[in-house]
Amino acid sequence: MIPVALAVLVASAISLKAPLEEAAAAFGVAEPGEAITVQGAASGVLLAQVENGAPFDLFVSASPAELDRLAKSGRLIPGTRVALATNRLVVIVRKDLAPPESLDGLDDPRFEKIAIGNPKTVPAGRYAAEALKARGLLPRLERRLIPAENVRQVLDEVVRGEVDAALVYATEAKLAGDKVALGPEVPEALHDPIVYEAALVRREKDAPRAEAFLRFLTEGAGRAIFAKQGFGPPPPR
Amino acid sequence: MIAAALGLSIAVAAVATTVVAVAGAATGRLLARRAFRGREIVDALLTLPLVLPPTVTGYGLLVLLGRHGWLGGPLRAATGLTIPFTFGACAIAAAVMAFPLMHRAARVAFDDTDARYAIAAASLGASPSRTLLAVEIPLARRGLAAGIALAFARALGEFGATLMLAGNIPGRTQTLPLAVYEAAMLGESRAALLLCLLLTGVSVVVLLLVGRLGRPR
Amino acid sequence: MTALSARVALSRGFALDAEIRAEPGITVLFGPSGAGKTTFLHAILGATRPARGRVAVGERVVFDAEAAIDLPIHERRIGIVFQEGLLFPHLDARQNVMFGARDGDRARTADLWLERVGAAGLARRKPRDLSGGERQRVAFARALAAEPQALLLDEPFASLDHASRGALCGLLLDLRRDSPIPFVHVTHDPAEALRLGDAMVLLKDGRVSASGLPSALLAPGGEASAGGSTNWLRGTVVEDGPDGARVDLGGTVVAVPALGRAPGSPVVLSLPAEEPVLAMSEVRGTSARNVIPGTVVSIDGGDGAVDVVVATPVAIRVRITRGAARELALAVGSRVWLLVKASAFRRSG
């Protein structure tokens, strides 16, 4: 348990886990010290863990809502909250199907099962539900929707062909490469902006290294890693 | 949400238990009565879901029964039916996890009854099915009933394999344990507590039943 | 009239290679424990499959290894009564008997059979509320109500006390009298064999070592006597009273203690070979109630003792010391008298 206690523990939206790990490695080279460990899960799941006292130093969420809640209950260190990146929502279908022209095309009966993140805990699912609702598709597609535990599972279900279509982040679709067929982007106007935000979690001791890592993420080298993996820049303040 | 999850859980457990009662009694009896090469290996394989992590069993079921699974693929090609994310998936996951309990209880129950009762019944002209129904099952009934009760409790409480094979769709595949999980994840502590009490209550009733049945005559 | 014929060989687990032909009546399958008696019965019944052999009830072949005939137990119509009875514990006595009853009115058939075995009052009792003897009575009724064409009895009296055993033996003899089927009765009790057996087959180490009349096989020097020092004698009560009884052993009438049996009843007596006193001339004025003339038919010298078999005409074995044998100058064909106290005879069945 000792190495874990020493390490900086980051709770991360699962879609941001890969760039955070890459950034952690780069940070380790620039500023040698204890390891940075990234745990990825649905932001809502991580939220519940932090609320129950999980020992995270840094919290990175795929939507501002989770941070709002933590801020409200006083679990964040005020003034540390910062936006890191943005993302887009895309339609994907399994690789042996032709993608629809637009989001509305999901209404086609050949998409028998459509996976989205569980809107209650998965921000990607929440954005997806907002978009479907905005297009009036939600009531018609409800019986075909399969909620998943996190956005990575949504992607995996399309890769394995258990579902026919899904709404995931553009960065997720990119990860799957040709294992899925890429459909259209979902117009951003249909859902809340997808903004990844981070903040330091209030702990008994100060975590200067977590603070340094958070700073690293907002500076040039960190930004470059997000950009390289397909994330958009954070919105201007 | 609670009523739907409770109803679904009971329906899933009832279907799974019915299937498991018959299948587990059959395999338990086979292994108790017939000595064959590799009997203990077969027994170990049938007991596997009891000792494997439920997620491993769940993943195995996905590989087997998924849309493109070893069995799920041909099934879909032949009938158009798919198993994952359905009531059937819940029932299958619960049944697979509950099966070893019934199998083991049945094997012990049949092991404990003198095989010569069946010989006596046959010598009186009773067909194998009549011997089974009128003699062997009544003689093993306590062990079998205890196995059924335990299987029901296990099916009711199944979580890991269900989550993997059936997902967590409210109203469709969200059983009580999955509802507890989600309520806890969402910080809905009142709902989580209520669901826990509900599950605990049902389980205590089942265990009391097992205790009664297990008591010697 | 149907006979049960069975030739059975199996080598898996237990080596058995035996043949039996049981006519209607009681054939005793006799032998020490471990001789293969139960395995033999199970093979006849169909509970164990022999490697080779043939089992037939009358003309009906139920097993033939060469012809690939192997009827399942429930089609063989061969009944069995186990040592412990093995009544179905969840059924009462009547339901047990009804289980195999073939007749249309099975309850009536069951009641008739329960009455026949003297268990009419036990119809509603569960097996756990019956004594050992009562259970065996019901087991007999259950087996016979199924109208088997042969009945196997696997030491049915072995776990009963002496009194119940005597009563059950009497019942079995009654049942045999009324039934045209062969009974194969397994036992290792010589008295039981002598009292019940119309014929006897001796099984030893999985093989038939002898067969014939029980009285002959169990007689002194017979194959089943196994060098034992007890004479097993079957006879018929001639008269019985408070002062003693007289029993006809088949040409030799002996005085024995009171039996409490009606004249004409069968009885089995035991007489230890050490009991009779041998005299070379007729002795008068002795307290011994029996002075039996006879002829020496064999003299068998062992280490410490000599066994002399005397035909009276019933063969009786007498064990004397070597010195006594030498002094008397006994030879085969010698005329002798046996002095036997009435109390030396014990009733054994």
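Annotations for the structure displayed:
Lettered A, B and C in written order, each chain numbered from 1.
Note that a residue touches a chain if its C-beta (ideal position, glycine included) is under 8 Å from a C-beta of that chain, and two chains touch if they have at least 3 such contacts.
Bear in mind that the values here come from a model prediction, so they are computed numbers and not experimental data.
Of all chain pairs in this entry, the one linked by the most C-beta contacts is B-C. Chain centres here are means of the Cα atoms, and by that rule the chain farthest away from subunit C is A.
A straight line joining the Cα centres of subunit A and subunit C is 89 Å long.
With centres set at the average Cα position, the gap from subunit A to subunit B is 37 Å. Inter-chain spacing, taken between the CA centroids of subunit B and subunit C, is 53 Å. Against subunit B, the residues of subunit C that register as touching in their complex are 42, 45-47, 72-74, 76-80, 82, 86, 88-90, 99-100, 102, 142-143, 146, 148.
The residues of subunit B lying in touch with subunit C in their complex are 114, 116-117, 119-128, 131, 134-135, 138-139. Subunit A contributes residues 44-45, 47-48, 51, 113, 118, 120-121, 145-149, 160-163 to its touches with subunit B in the complex.
The touching residues of subunit B, counted against subunit A in their complex, run 62, 66-68, 82, 84-85, 163, 167-170, 182, 184-187.
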